[in-house]
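Have a look at the structure that comes next, please.
Chain lettering (A, B, C and D) follows the sequence in which the chains are written, and residue indices restart at 1 in each chain.
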Amino acid sequence: MNGRLKRTLALTAVGVVLVIYLLPIYWIVATSFKEYGDILARPPRFLFVPTLRNYAALFLLPGQGLQATPFAARLLNSVIIASFSTVLAIALGTMTAYAFSRFRTRGQSDWLFFILSTRMLPPVVVVIPVFLMYRALGLFDTHVGLIMLYTAFNVSFAVWLLKGFMDEIPKEYEEAALVDGYSRLQAFVRVVLPQAVAGIAATSVFCLISAWNEFAFALVLTQRTAQTAPPYIPSVVGSGATEWGRIAAGTVAFLLPVAIFTFIMRKHLLRGATFGALKR
Amino acid sequence: MRHCWMALAGGLVALALMAGCGRKPTQATKAQKITIAWAQWAPADYLSELGKEYTKQTGTEVMVEQIPWPQYQDKIFAAFAAGDSTYDIVVGDSQWLGRCSALAGNHYIELTDWMKKNLDASSIVPQALMNLGEYPKGTGRYWAVPAETDAVGFAYRRDLFENPKERAAFKAKYGRDLAPPKTWQELRDIAAFFTRPPELYGVALYFGKQYDTVTMGFQEVMWSFGGAYDDPKTYRVQGVLNDDAGVKALQFYVGLKPFTPPGSESFGIGKECVDAFNKGLVAMAEDFFAFFPGLADPTKNPHAKVTGFFPSPAAIGPDGKERHYISIGGQGFSVPRYSKNQETALDFIKWFCQEPVQLKWASLGGFTANKKVLASEKFLSATPYNRAFAAAFPYLRDFYAVPQYGELLTVTQTEWNAAVNGQKSAQVAMDEVAKQHTAILKKAGFIK
Amino acid sequence: MTVTLARRRRALSDYQVKMLFLMPTLLLLVGMNVFPLIWSLHLSFHDYAADMPGRPPRAVGVANYTALLHDPNLWRNFQVTAEFVVLAVAAQFLIGFGVALLLNREFKGKGLITTLILLPMMLSPAVVGLFWKLILDPNWGLLDFLIRPVTHASVPWLTNDRTALPALVMIDTWMWSPFMMLISLAGLNAVPRHLYEAAEVDRASGWFKFRHITLPLIAPLLLLALIFRTMDAFKLFDMVWVATEGGPGDVTKTVSVGLYVQAFREWRTGEACALAYVLLVVIIALSSLYIRWLSRIRGEA
Amino acid sequence: MAHVRIENLVKHFDEVLAVNGISLDVRDREFTVFLGPSGSGKTTTLRAIAGLEKPDSGDIYIDDVRVNDLPPADRDIAFVFQFYALYPHLSVYDNLAFPLRAVHMSKADLDERVREVARVLHIEPTLNRKPAKLSGGEQQRVALGRAMVRRPKVFLMDEPLTNLDAKMRAEMRAKLKRDQSDLGATTIYVTHDQVEAMSMGDRIAVMDQGRLLQVGPPEQVYDHPQNLFVAGFIGSPAMNLINCQLGAEGDRPALVVPGSPLSLSIASDLAARLEPARERLVLGIRPEDVHLSRESRPGWIRAEVYVTEPLGAETIVDLHVGGGDAASILRARTLPTFRAAIGEPIWMEFDRERMHCFDRASGQAIS
């Protein structure tokens, strides 16, 4: 086969692949702008008169205009819980990764194994005792409860990822700062952190996405006050008929922030996804 | 270094603040607001409407929290298990009574004494009061007051049923007039008649695995065929549930599947059956009456004007006898022990049961259990389906309400859904249910 | 000396810094993972229903465990899980790697296209399960419409006992093959060009280059991705819960779904804790194998 | 300025003994070079002085203050790293200002200091650039500047010139020496390059395998190596080292190589001193102390030219002596005008005054 034909074929294939991956997403976006009748049309309608009714139903209370609707409240909960837990997981993860990277600790590999193994636990296994514990502590259906849990689950991942990044930062930089008159903590803040920015960004993308999308813990441990969007969206079914339009609108509204965030952070994503296994 | 500490401190302060927000504020003894948990469906909207009336009269705000059916039980029990005080009234399913009574989980406060002082029990239809409020049956202990009484019924396309061509064809084929069925056997003929894939199918039935769908759909067929869950005195299941009537009933129920649309294995309460009907995909659709407002609504159902309704039919059992049983739906008001506003909640329930309020409830679309209101012409003509609903009332029956109902339900849901799917034969499925139910009831001490 | 350095700060020693940096994380993990798990180990030897707080746990010895081992449904659930893991991970691996090979060339808009393909893995599995239900609907779903010219009949994807599990595998593959693609692509990019040039001088065939240069170099990375996907697939809960609730029948009831039902629908807390521990042992055995493997790979990388 | 004293310093890394009991005085204003191959413990010793490594035992004093327990920040030292360790996220200016900010110096003073250092090191044009945009030489000067700007008591430098090209290295060598002298700063300089050590050090401390082998001014270390390692390590080309025994040439004592024409008569008092190690001697002679002649002379030893390396300023001649098992190659340094063909016979003689004898077993010099 000659090179040119091969290339054309390959690029066509890329196009087909792209369509396959994006079609479901397009479909959900389109559905969010459809009227009930268009959604359940047979054959499915690709052309339709778009409507904002589904979004209005989610974000506007009938007759009361812009007020915190249940969905908006869930979305806000998601924002609060995902961002706080990400910040905390990154803060703790950075410190712990630094400590493991720079200081000699007895049984270091065992500790690291322990930390990563907590990430391997299925949420459904952990959620049973956590439910009982939160009941006893009064943390059921609270923001703090979910933030702590998500932080714990993300910190293990963060430590593992960030340690790889920390190992790549030559320790001479901190040593230089140490002899230049700074304490270990100052050296960490002023010299190590600025250089770990790329790694921290990559890690936070992953932590944020996993906290944002988490379902099982939120399903069991929240009721209303601290409920996040993922367990709520499947419940936007409406009464009398399945409100696919509203579900789609909720899905799109929920996807948008993380899609934008991902797009901004896409360069770091690649590094994060390879777990620092690819040294550059 | 200073930055580092500041960041840490800031984070902790923020956490502490949020902990403050997360905890629900403890409320004053006489609350200005009560929160009612109910499933997401039209009756909850009516209750919300009615709540505004109550607010006008008393100043107490009524908030109705609607939770979708598939998650309703899970969420409420999680809240109970957590001792969560979010809800002041729970409009709970009848099966829950046992588990939530003081005999088991002790989540509901007992209403027996309160009812004696505050309610006229004779004003309420006894089937409703018993099925939706009493546990254990026959002891006179009450844990709930009927809120919405519901039953399984059918919607049908009058335009098809009344089409002269269809009528003639039907008569030629079956030798009788095309009319809403009186028995399940008639229903099967009509369903077969209208099955013309892929445009039209005969019927949409409760086949799905969600919550209690297939159980609610099949149990009334089972009862009407002469079957039963157990021996009411000894709780014996083996040889009762899986007797000839039970197996024949399941064979019959599964036998309806060819007349249902593709994917009907997952059709559930208040969603897929309604969707299929609205789409014009089926001639008849099964659902609880409380979901029929969606079918009477022309914005959702293009056929709303030509939609008729009938209660679940009777059946002629293998023994040749005709019986008539219908799965009861609907729920009663209960007050969770964890509520901080129990007094206010009880005040609301008392108010709700008054006759004028019941009349208003009925006019909004709610299904009353008040004898007088139920018989009133005003109620019967309030909606296109109320008459059918009232006709269903004498035949209502319920699933287990013992504390182990959850486990029992998982078994029937799994096995009967498997039978519908053709994974298991009717005999195997019924045997399996009998075996597992026996084990559960034995463990719980009901079977000695 | 113009600057006097006489001031003596009370700086933290390295040991103190180490403790300060390690302890919060370790305490959090102990508090949120170790302690609850010890509690649930305790409960696994008891008859207990968490929704009946009034009834204290009743010690029953190992009865919960023996009941589990004799429960045919449990093995069925494990079998479903294993089937899912094998099918899904294999499909994701092959498709992901294939797409990476396609993308591993220079063309306009490559960055954007790669990012777009990554979108599915950014989504919440619960939401993905939900909207695929719409797409797979046998009456008005998009897929049904697209394949009807071939099948001539509706396929009730998620509700038929023969198609439900493959349908879930398909959804999971749509969602996670981009992850495999991403890692494979990163690996392919990292193969030093001069290795290919050397092979070209030796007139090696394309297949030879792939088999003897590309594959050995990126194998550790692929293995890593495989490990992560396997562990994740093993835990599968949210997508299945939303899409099928384990149905029809128990065809798609994974261990996690079974555990959830036992713990939070039937409230057999004691038995659920025992099941959780059985699962835990399996996971720990798998993950310790994997993590040791992983450390070795990373050590070599 | 300051002096530094190390007493019995010991440091292990896991099982590896990196520093094995080093004691050393570094005098005020002195430029001391730690010289040794990699793994000799020179860098570890330097880092211990800086406080970057914690000794297992032994004490370190700066100006008679025991600093073992002081963090690096409180030792008032500056450290120049082999790879410079310029903070990549800061500009050159900020890199230079970094140590001063640690002590909260006023803005004006700080600016003055930074600019002064930049002027001295000719890096003013680069002040606003990031380190990644600098040439190797500039980076090196910035690293130096960052050390100088603090005006510390002691400069510690870890192979600061290793990463420069040869021409740059030679330039910087001179500049560094001059600057040190001008500043009068006590400096400890680690290198594996004996040319740097010889050219820059006031004193050289030669280390190997965690031990300090010899300390002294360059010429002393060069002319009087105290052991075989120092003898072989210092000097380029290296000293010729020849295994030999105490024997006799006629009736006079001589150093002989069995089976080889190499035989050197020596004074009897020296012979007496060599007697205890008579079977295991090593003769050391620097190439410039090997004299050559094209004609046979009495007492001179016959050899063959193996190869010649004319270097411009001098010529190195490799000589082939003896045959069979006892054959050996010796190197001689001679005039640039020397020319000889390969295989040409030649006669050589050692400068008897500048011969070194070592005990092969202990490695120690015998004099």
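Basically, a residue touches a chain if its C-beta (ideal position, glycine included) is under 8 Å from a C-beta of that chain, and two chains touch if they have at least 3 such contacts.
Quick caveat: nothing in here was measured; it's all calculated off a predicted structure.
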item: Maximum centroid distance from chain B, chain identifier (CA atoms); value: D
item: More contacts between chains, B-C or A-D; value: B-C
item: Gap in Å, rounded to a whole number, between the CA centres of chain D and chain C; value: 58
item: Distance from chain B to chain A - Cα centre to Cα centre, in angstrom; value: 37
item: Residues of chain C engaged with two or more neighbouring chains; value: 5, 9, 11, 50, 53, 139-140, 264
item: Multi-partner residues of chain D (each touching 2 or more other chains); value: 71, 73, 103, 150
item: Multi-partner residues of chain A (each touching 2 or more other chains); value: 40, 42, 131, 135, 181, 183-186, 188, 219-220, 231, 234
item: In the complex with chain A, residue positions of chain D that touch it; value: 47, 50-52, 71-73, 75, 77-79, 81, 83, 85, 87-89, 98-99, 102-103, 146, 150, 156
item: Contacting residues of chain A [partner chain B, same complex]; value: 36-37, 40, 42, 80, 84, 87-88, 91, 131, 134-135, 138-145, 147, 183, 185-186, 188-189, 219-220, 223-226, 231, 234-242
item: Chain C-facing residues of chain B, complex; value: 70, 73-74, 77-78, 80-81, 83, 99, 104-107, 198, 208-210, 261-266, 276, 279, 281, 406-407, 410, 414-415, 417-418, 420-424
item: Sites on chain C touched by chain B in the complex; value: 49-55, 137-140, 153-156, 158-161, 244-251, 261, 264-268
item: Residue ranges of chain A touching chain D (in the complex, touch as defined); value: 170, 172-173, 175-184, 186, 191, 194-195
